Structures are given as structure tokens and as C-alpha cells.
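Here chain A shows up in two complexes: once beside chain B, once beside chain C.
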Partner chain A sequence: MDLKEKLVSSFLVFEDNIDVDNDVHDIRSKAIKNFEAKGFPSKKEEAWKYTSLNSLQKIDFSLFPKKESAIEYKDVKKYFLHEIDTYKIVFIDGIYSSYLSETTHDGVDICLMSAALTKPMYKPVIDVYFNKVASKDESLTTLNTAFSKEGAYIYIPKNKAPKKPVEIIHFSTGNEAALLLQPRNLIVVEENAELQVIERHQSLTTNDTFTNSVTEIFADKNAIVDYYKLQNDANTASLIDNTYTDQKDTSIVSVHTFSFGGKLTRNNLNFYQNGERIDSVMKGVTILGEKQHVDHHTLVHHIEPNCESHQDYKGIYGEKSTGVFNGKIIVDKIAQKTNAFQKNNNILISDKATINSKPQLEIFADDVKCSHGCTIGQLDEDALFYLQSRGIPKKEAQALLMYAFANNVLESVKIPELKTRINKLIANKLGVRLGFDL
Partner chain B sequence: MLKINNLHAQVEDKEILKGINLEVKAGEVHAIMGPNGAGKSTLASVIAGKEEFEVTKGDVVLDGENLEEDSPEERAHKGVFLSFQYPVEIPGVSVTNFVKTAINESRKARGEEDMPAKDMLKLIREKSDLLEIDRKFLSRSLNEGFSGGEKKRNEIFQMAMLEPKLAILDETDSGLDIDALRIVANGVNKLKSKDNAVIVITHYQRLLDYIVPDYVHVLHNGKIVKSGTKELALELEEKGYDWLKNETIES
Partner chain C sequence: MAYTEEELKKELETQEYEYGFYTDIESDTFPKGLNEDIVRAISKKKNEPEWMTDWRLDAFRIWEKMEEPEWANVNYEKPDFQAISYYSAPKKADPNKSLDDVDPDLLEMYRKLGISVDEQKKLQNVAVDIVVDSVSVATTFKETLAEKGIIFMPISEAIQEHPELVKKYMGTIVPKTDNFYAALNSAVFTDGSFCYIPKGVKCPMELSTYFRINEGGTGQFERTLVIADEESYVSYLEGCTAPSRDENQLHAAVVELIALDDAEIKYSTVQNWYPGNSEGKGGVYNFVTKRGLCEKNAKISWTQVETGSAVTWKYPSCILKGDNSIGEFYSIAVTNNYQQADTGTKMVHLGKNTRSTIISKGISAGKSQNSYRGLVQINSRAENARNFSQCDSLLMGNECGAHTFPYIEAKNKTAQIEHEATTSKIGEDQIFYCNQRGIDTEKAIALIVNGFSKEVLNKLPMEFAVEAQKLLEISLEGSVG
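Take a look at the complex of A and B:
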């Protein structure tokens, strides 16, 4: 049985274990029908031209883990931003781990999707926001919607900001030979409220893991949301991240994506600007080797006038790694005075590495500033000579230049400890002894 | 210390250095002057080992050792320093961290341990005072957003930290106002000793008022066409380069 059939037929099993008599389940039922009609995307579709899901579909994934696994904190401490205090929503093989988590209801709700989807007190929020910005027809999103049950639920009411950042971490332990996870996150940040989130998916095994995640982010007037995705997973882990952001007037939402590993990673990042004077920021650093593959698909839809979007993606590709950047910007006719900027710079450090970079601009307004630039190149010889002339060996000098190349994306990271952590990851990834503490 | 014998160098089949002979002894300051395109910067780059330039004839010898096979970093480890006309910006790496890395790489190459942090700090303090560099400046990203003057001062700061045997200053005076020029020149003068040597490459005589050369050479069309003492620089300032070009043709 192929994966699609298995998923569709297991929907009945899924229904056995949940309350099916509610609005949310109507949404799920519609979604599974949609997925059944569409199936997994194939390379024939333009948006999936460079990323194939064929090999993943051949794996016999378990859809519902049979047993809970325990993890000792000391064994996974390094995956947490343990240098600072954070709220934590942690899942092990898709199941919430209260032991590793720290949730709160102190003025804000930082807790579980399973609670939000079932308890009456959350119903008003769920009714307004759940599945409202996520696509109703993109097949992987509908697949996630059909099985939506667990994930992170974050609700920050008007004028509030949680005391500390929130970490959402998914561990997979290898208890199953192959595991498919479908976390579903809902993040609502009301007027004048603020939130910082760090998300990571970490496989602790060499067994296959396939995560198809959907996150909906709603930023109301004047809200500020900073979302950091840390993707440094094992070479047997694949991730499809579908993030949908709905922004209202003068809100600022930034998503930083750090892609340093994993077998196949696809980031579908969609921003919808439903208001004026909005800023949407998308930044990424990708450093890949071996046969790793990352595909960044971004979309910014400028729906109203006087808004901005800023995209800056940097990639360093070695060995046989492959990368894709596809940045789509739509500016509606009414969205005058839009400023949309997009940059994608890449360095190939191996003859066998590949990058496909494609800007896609659809501009229907006439008074806008849109710029896009994409470069693919090698390291600057003059810069290399400069470093070497100071006694720094060529290999180290190359690494230092790559480090510098990737580094300026980090400037906008607002959590200093996270910035330091990512700096170190970049240095390690580039295999350089920089000779100093970062 | 440095002996350059009949040096020919080319880039992409275009010969730029056409037989340079130069000897620099320890304790000396040499100035190399000449019009644009004479090959001054190329000479500096070739001594420092830039791979883009192909040495087709002749050699560069440092303390009796032919540098031909040495990479730029190996030359640096042996005590060659080139102050760049256009220093490169390295975002995310502070001046301090860069200098530390450079010093420790040289030490590693000589089989020495890393410099202890305390000594490093002391040295940084001493040398930044010498060049009147603000401490805050040292934690900024290397050359990023630096003014022309800051870049040059930072180059000489690195030179002070690395204590090279042979320092080549390529157009260090360009982009400097008179105060910055004085500070930079003062730094270079204080670093001068009987054991090291300096080659100053410049278009104008101005810098040589502050860093007084023992010898002045005029480079034109890939060759040294005239050598003399510091008075030659004054003569050039007065007459320009044209009279020399003519003289060369006559001779």
C-alpha cells in the first residue's frame, strides 16, 4: 500500500480516538477528502519541480506511535536553548511530554493544541482562527489539517508579552521503524502583544522520520512576532514545514530559518498582509553538505497599500547537496507604495552541489518598489588573499569568509543566546577552528 | 633581508613587472613611488604571494630563503606583512578576534602555543594606544562600515600586533586626513627597529614627510627607473613624473 492510501484509510482509525461531533472535525473531514483527491504533489507541478517526495512515499511509516518513550533531560539538554529560561512545549514521537515541558496560563496561554481543540474555554479562539489562514487546497496542508490533533497552542492577548521565549521541540526516538508526524500549531498574537518562538525538530535515531507540520500565525494590529526555525536534523529525517502568517495593520512578523541538516527539508512560508504599514521579514541561512536537500518556497502577498517585505536568504552548498529558493511576491493592484525586497545569495563550494534560485514577481500596482537579486558564486579571491596575507591558512580563510557571508543574516536575531548558538553552529558546520569564542 | 632579483610577473599574459631589482636591509625604510599603473601594487602583491600573479622570471628572497613556493600565509608566518590599499570587510568577526586568530595562526605555524589571553590583552591595549584607537572600535566587525582612515589605521594596528620583519605599506596614505596620517606615520615610526624593514608604496611625497625613507625608488612601466635618497621624492613632487619618463627614454 502506498503512503497516500495508507493515510486515507487510516483516517477512520484516527476518528475512533477523537471527538468527531464538532466544527473542527468537519474541517478535518473536508481536508481528508481534498487530500484524497489530490494526493502528494509530484515533480510535474511547477512548485515541486526540484523536490521529489517519491522516495518518502515508499517508506512504510507508522502513523500513530504505539507507545510512549521516555527521554532523560540530560540526554537532550543540548537541543534546548538552556542558557536562558524559556517556556517549552515538547513532544516525543508526537506525544506531549509534560516532564520536559513548561507551559503557562499566566495571562497568556502557552499550551497544547489537543487541549485547545477539545476544551470549551478555547472554542471562541479556535472558531475564529483555526484553519483560517492555512491553505484549504494545498495537499500537504490539507493532509495535516485532516489529522490535526496535537501541537503547540499559543495565545497572547492584547498588550501582553510572555516573560520569556517559547521553545517548541519535537523529538523522535526511533521506537518505530519509521515515523510520520503531523504537528499542528496555532499562534495568535493580539493587538500590541509580542511573542518569540524557537522551533526545532530533532531525530535521536537513524530510523526514518517524516514530519509534515503546519503552523498558523495571526498577528493583530501592532503585534510583534519573531519566529526562529532551527533545522539541523539527522540525515534520516525529512521535514515539510508549512507556515501561514496573517498580519494586520503595523504588525511586524519575522521568520528566520536556519537549515543546517536533514535529508529533505521543504519550507513553505506564506505571508498574507491584511492591513497597512505591515512589515514581513523572512531570513534564512542554509549550510548543507552530503546529499542534503533544502527547498525554500516563500510567498508574500501584498494585499493592502503601504506595506513592506524583506527577504534575505543565504546559502552555502557543499558536497552533493542541493538547494532551492523560490520567492514569490504578489502585489495587488490596490497595494500601492509597497516596498518588497528579496535577496538570495549562494556559494557553491563543490562541483557536485546544486542550487536553483527563482524569483517570481507578480506586480499589479504601479507605484511600488520591488527589488530582487540572486547570486550564485564562489568566494572572493581578493578577500581570501587578504586573510591569507595575515597568516590565516587558506582553508581557515575560506571558512572565515563563508562565516562572514552567512553572518549578517544573524543581525536581526533578537535573542542573544540564540544568536551565539547559531554562530557556533555555523562555525562548526563550516569545519573551522576560528580560534576564538564566538 | 629582502632581495628581489630580476623579477618578472604577469597577469593573464600581460607582463606588469619587467625585471625589478631591489635590496632592502634590516633597519631600512624604502619608498617606492611612481605614476598610476607603474606596477607598484603588483610588486607589493607579488612579494606577499598573491596567486593571481605569475612570476615568470627572477625571484624574491627573504633572509636567504627563496619565497617562490610559499603561499601567502607561509610568507606571513615568515614575517611578511602587506598593508592593503583596500582592506576587505569581514562582517561578524571583530577586529580583536581577527587579530587574535592571525597571531595564533602564525604561532601555530612556528610550533608555538596560542598566546595566553592575558598577554594578548596587554598587547592589544599597548598597540591600540600607540595608534590612538578607541577600545570600542576593536569590538566592531572588521572593516565593516569603517571610514577610509579607520581602515588604514586598523591595518597598521594589525601590523603592530603581528610585528612583521618586512612591512609593505601599499598606498597607506590614500584616504587619510592630515591628523590620521600623522597618527599612522607615528605608529609606523615607533614600530621601526634595526631588525625590521619597511617598504612604503605611495603616489605622493606627503607621507614621506612623516615616514622618512632611506632610499627612494621610482617605478615606471614595470621597472625601477631611478633610485636615490629622500631628496629624490622632493624632486618628484616638484617636477612630477614626466621628466623621469623622458629621462628614461633618453638614457
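Take a look at the complex of A and C:
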């Protein structure tokens, strides 16, 4: 039985185990029908031209973990941003771990999707926001919607800002062979509210894991949301991250994606600007080796006038890795005075590495400033020679240059401890100890 | 009085197609429809050898199994391939007669188009192989070229006279299986140009062909094959104008260029086919496959000015097979009213030290849609490949669209690729700057549009630059130039 059939047939069992009378039942049923009709995307589809899910579909994934697994904090401490105090929503094999988590209901709700979907007190928010911006058409998103049950639920009411950043971490223990996880997150940030989120997926096993995650972010007027995705997973872990953002007037949402690990990673970032003077920021650093594959797929839809979007993706590709960047900017007819910028710079450091870049513009308004730039190149030989002539070994010199190349994306990271952490990850990935204090 | 963009827009919408006239020449036209018999009949009509008939039939069978492509960013009513007549030749044509014998009606038509078949040909040093409705009716300067050993003739003659060259090269760059329209063309092409430049010869003049669609309801399926042997050089010009027609006419041409070691081909196109009226009615469908192959140290340069056609679907490409080969693509695409253009290029880098440059300028006005679609592919063995791409779009009016779909694929670490694209309108501050210096708005717009397209216009041969300017004028206003 292939993975699609397995998923579709297990849907009934899944539904039976949870509340069928719930309003979400209809949403789930429609979603599974869409997935059943469409199946997994193939390379024949334009959006999946450079990323194949064939090998993933051959793995016999377990869909629901049978038993709960426990892990000790000391074993996984390094995956947390332990230098600072944070709210934590932690899942082990898709099941909430209250032991490792730190949630709150103090003025803001930082808790669980399972609670939000079933408890009446959250119903008003769920009714307004759940599955409202996520695609009802894209097959993997609807697959997630069909099985949506658990994940992070964050609700920041008007004029509030949580005291500390929120960490969302998904661990997979691999106690039950290959595991398919489908976390579903809902983040609602109301007028003048603020939020910082760090999201991480971590496999603790050599068994295959496949995560198909969907996150919906709603930023109301003047809201500020900073979302950091740290992708440094084991080389047996595959991730498809679907993030949908709905923005209202003068809100600022930025998503930083740091991709260093994982076997296959696909980031679908979708921004819809439903208001004026909005700013959407998408930045990413990708450093890959081995046979890793990362595909950044972004969409910014400028629906209203006077908005901005900024995209900046840097990639360094070594060994047999493959990088994909597919950015799309759509400017509607009425979205005059739009400023949309897109930048994608890549360095190939191995003969076997591949980069495919497809920065697209679709513009229907005339009074706009839109540009995209894409480069593929190498490290500057002269700069390398300069450093070497001053006694810096070649490897370090290369690392320094690569670090400098990625650095301007790091500059906009607002949490200093996180920046330090990412610097260390970069140094680690480049296989050097950088000679200056990070 | 200040000339505003609003007025310009209005003027653009009402601008009628200047070259829209129809010359009544008796045509020898086949019944509508397409089947094996028609393909055989075309072949027979052309007095072709058996291998050619078989080649066509093979292409026809491939075409039958193919589906019309849908991926381009254009919307149009699919042509009914059974409602098209696949052969039409002016009756009085006889390739052996001299210029004096040419149908006066035709000469009159060329005069209106400003084509210099008569005296001016010497002044302009252009050998024109004119194609009216699929059959070449006048060939000039043939002897001058023959002295150099250059073969420049209609492809139907080349099939008779130089079968070994045609057989060797035709379909090698654009195979019959390449795409839907290439297969269709392979099956039913009626004429086109053939050009062979022998080793070490620099072609002394610009070779030029004008294509026209004349008889209503006939599609034009041109086939061009240009072979530049080692160390040779040729500059080839192609230009089109078509009369007004309400029915959509289909043009599915195939152009194959082969530049052998150290050879250079410069291929320039000015395309001004009937774009349909201001309501988007009528107009030509232009679905063209153009591709060139560069061997060692060879260079192919495509320059195009696209102002016409209701729907354009065209990607002149370079396969940079040989080491040190160079591919260039310079394009201006102007769309107005309801025109749609999906055009760009493919640069496939296979050899070492290969270089490519892409400069694409899109100007959209009215309710038109203008897309750039390009591929830059660096294969794993293409050491030190270099690409620079620039795609700029200019929008006039808020009902048009400009789109960019670049595909960049690099598989070699020594590759250096730069791609940049911008979209903007003529800035109010730019106009203001000009006004301030005593340049009125109309002139200012002309200046800016001219400056915007200059990079590409400069690449056109002198003879063509004039024509290109003329076409830009027709498409975009009375203010350019």
C-alpha cells in the first residue's frame, strides 16, 4: 500500500478517535477529499519541478505513535535556546510533553492546538482564524488539515506582548521506526501586539522521519511578528514546512529560515498582504553538504497599495547537495506604489552540487518598484589570497568569507542569543572554529 | 499643452495598424484541414524527393500524438488545425524569372512596406529572398553570393539542389519531437530560407528575408536553416509584416542555426505581425521555435524586436556545446491593447568557458500581458561558464501586466551567473526632470522609451535599426524617435 492510500484509509480511524461532532470535522473531511483527489505532488507540477517526493513515499511511515516516549531534559538541553528564558511548547513524536514545556495563559495564550480545537473558550478564535489562510487546494497543506489535531496555539490579544520568546520544538525519538508527523500551528497576533517565535524540528534517531507542518500566522494592524525557523535536523529527517501569513495594515512579519540540516527540506512561505503599508520580510541562510536538498518556495501576494516586501536568501552548497529557490511576487492591479525586492545569492563549493533558482515577478500594477536579483558564483580568489597571505589557513579563510557572505541575513535577527547560536551552527557546519568571538 | 501619460495611453489604444492592407493576388490554395494526404500533397507540390516526404509524414505522426502546450502565460482560443489551409502560393510566381517579371501587385505591396527589391537593393547592399505566402518569388544578389560559394535560396530549392546538406542538418537542432508546433512545422512547412556559408567565408552582405501572411485563413509554416561552416560569418535579418485579418492566423516557424567551429551567426528579427485591433479581435498567433548550436569558439547572437502578433510564444535559444562558445540574446518586446507575449531565451551551457548574455526589455501598454521566460542552464562539465541576464519591464497604464519567469540551474561550482530584473513605470520625477529642462512630456516619454530600448536597438544592423525604429513608433506612439 502506498503512502497516499495509507493516509487516506487511516483518516477514518483518526476521525473516530477524536470528536466527530466538532466543527473542524467538516474542514478535515473536505481536506482529505482534496488530498485524495490530488495525491502527493510530482515533479511534473511546475511548483515541484526541482523537488521529488518519490523516495519519501516509498518509506513505510508509522502515522500515529502507539506509545508515549519520554526524554530527559539534559539529553536535549542543547536544542533549546537555554541561555535565555523562553516559553516552550514541546512535542515528542507529535505528542505534547508537559514535562519539557512551559506554557502560559497569563494575558496571552501560549498553549496547545488540541486544547484550542476542543475547548469552547477558544472557539471564537478558532472559528475566525483556523484554516482561513492555509490553502484549501494545495495537496500537502490539505493533508495536514485533514489530520490537524496537535501543534502550537498562540493567541496574543490587542496591545500585548509576551515577556519572552516562544520556542516550539518537535522531537522525534524514532522508537517506532519511521514516523510521519503533521503538526498544525495557529498564531494570532492582534492589533499592536508583538510576538517572537523560534521553531525547530529535531530527530533523535537514525530512523526516517517525515514532517509535514502547517503554520498559519495572522498579524492584525500594527502587529509585529518575528518567526525564526531553525532547520538543523538529522540527515534522515525530511521536512515540508507550509507557512501561511495573513497581514493587515502596517503590520510587520518577518520569517528567517536557517537551513543547515535535514535530508529533504521544503519551505513553502506564503504571504498575503490584506492591508496597506505592510512590510513582509523573508530571509534565509542555507548551508548544505552531503546529499542534502533544500527548496525555498516563497510567494508574496501584494493585494493592497503602498506595501513592501523584502526577500534575501543566501545559499552555500557543498558536496552533492541541491538548493532550490523559487520566489514569486504577485502585484495586483490596485496594489500601486508597491516596493517588492527579491534577492538570491548562491555559492557553489563543490562540482557535484546543484542550484536551481527561479525568481519570478507577476506584476499587474504600473506604479511599482519591483526587482529581483540572482547570482551564482564562487568565493573571491583575491580575497582568499589576501587572507592566506596574512597567515590564515585556507579552510578558515574560506569559512570567513562564507560567513561574511551570510552575515547580512543574520544582522536582522533580533534575539542576540539566537544570533550567537546560529553563528555557532554556521561555524560548525563550515567545519571551522572561527577565530573571532561570536 | 502638456502631453500626459493618459493621452499617450489613449493614443496607443486608437492607433491603427498602419501596414494593414491586403493585396489581391490569385492564390493556389489547398482545401482546409490536415491529414496524411495533405502532407503528401504538400510534398508532391514541392516536387520533393521521397526521403523528404517520409520525413514529413514521420513528423505528422509524431504531431498527432502530441498535445498543445498549456504552460505559457498566455490565453487564447486554440486554433482549429483542421480549419487551416496548409498551402498557399502566389500563382504567378516563377523562381527563375527576373525582377522585371515579378507581379506588379507584389512589387506595389513591397513598396508600401518599404522593402527595397529594386534599385535600392544595391544601395542598401541587402540580398532579399522575399517570401510571400510560403513561396519565394524574388531572389536577389544570388550571383554575388554564389561567387563566394554562399548558398542562399528557398529551402524547397535547397532540398532539390543540396539534399546532402539539408539531410545532414535539418531537424538536428530542433528535432521533430521537440514540441507541438515544431512537429507541426516539420510536417507541413511550405518554404523558408536555406543558407550555407562555406569555410572561412565572411558573408559580404546582410542576408534578409521578409515573411508575409497574405491569403486569409492560411497558416504560414516557415522553415529556416542557417549553417555557418568553420571560421565563417553571416548576419541574417528576418522581418515580418502582415495585413489586417479578423480571423486569427497561425504562424509556427522553425529556425535552426548551426555555427561550426569559430563561426559566427548574427540573427536579427523584426516582427510586426498584425496584433489585432484595439478590442483584441484578430491578430496573428506566433508560435515559433528558434534554436542555435554553437561548436568550438562559435558565437550566435539573437536580436529581436517584437512589436506585433496577438499572441507570441517564442524562445530563441543557444546550445553552447563547444568550448569557448558564446550565446547572446537581445530583445525588445512591445505589447499593446490585448497583445500577449511570452518570450525569452534558453542558454544551455555544455562546453567549457562558455559565455552568454541576455538583455530583455519588455514594454507593456493598454491591456496587454508581457512575460519574460528564460532558462540558464550550466551543466556539470561546463567549467568557468559565465552568464549575465538582465530583464527590465516598463509598464504604461495600470491595466497591463509584466511578468518574469527566469529559470537558473547551475551544476558546476565554477559557474558565475548574474540575473537581475526590474519592473517600473516612467517615473514622475523623470518626466519632471525633462520638463524642467524644457523638454515637453511627449518628447520626454519618447526619450525615456528610447533610452530604455537603446541597449537592444544598438545591436541591430544599420539596415534594420531604421525599420525597428519605425515599428516601435507604430506600436508605441508618435513620440518615439
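One rule holds for everything that comes next: the second predicted complex is superposed on the first by the 438 of 438 C-alpha atoms of A that agree within 3 Å, B and C clash if a C-alpha of one lies under 4 Å from a C-alpha of the other, contacts with A are read in each partner's own complex, and residues count from 1 in each chain.
One rule holds for everything that comes next: a residue touches a chain if its C-beta (ideal position, glycine included) is under 8 Å from a C-beta of that chain, and two chains touch if they have at least 3 such contacts.
Every value quoted in this text rests on a predicted model; they were computed, and no experiment measured them.
Visitor: Looking at A:K333 after the superposition, I want to know if it touches chain B, chain C, both of them or none. Which is it: first, second, both, neither?
Guide: In the superposition, A:K333 contacts chain C only.
Visitor: First (chain B), second (chain C), both or neither: which does A:C374 touch?
Guide: Second partner only.
Visitor: In the overlay, answer first, second, both or neither for which of chain B and chain C A:D351 touches.
Guide: second
Visitor: In the overlay, work out which of chain B or chain C sits against more residues of chain A.
Guide: Looking at chain A, the partner in contact with more of its residues is C.
Visitor: If you stack the two complexes on chain A, which partner ends up touching A:P124: first (chain B), second (chain C), both, or neither?
Guide: In the superposed model, A:P124 contacts neither chain B nor chain C.
Visitor: With the two complexes superposed on chain A, say which partner A:K394 touches: chain B (first), chain C (second), both, or neither.
Guide: Only chain B; A:K394 stays clear of chain C.
Visitor: Examine A:Y386 and indicate which partner it touches, taking first as chain B and second as chain C; both and neither are also allowed.
Guide: It touches chain B, and chain C stays clear.
Visitor: Which chain A residues contact chain B in one complex and chain C in the other?
Guide: The answer is that chain A has no such residue.
Visitor: List the residues on chain C that touch chain A in their complex, please.
Guide: 71, 378, 380, 393, 395-425
Visitor: Taking the complex as given, what residues does chain A use to touch chain C?
Guide: 46, 333, 336, 346, 348-378
Visitor: Write out the stretch or stretches of chain B touching chain A in their complex.
Guide: 45, 48-52, 71-73, 75-77, 80-82, 84, 86-88, 90-93, 97-98, 100-106, 109, 114, 158, 162
Visitor: Across the complex, what residues on chain A touch chain B?
Guide: Listed in rising order, the residues are 380-383, 385-394, 396-397, 400-401, 403-404, 407-408, 410, 423, 434-436.
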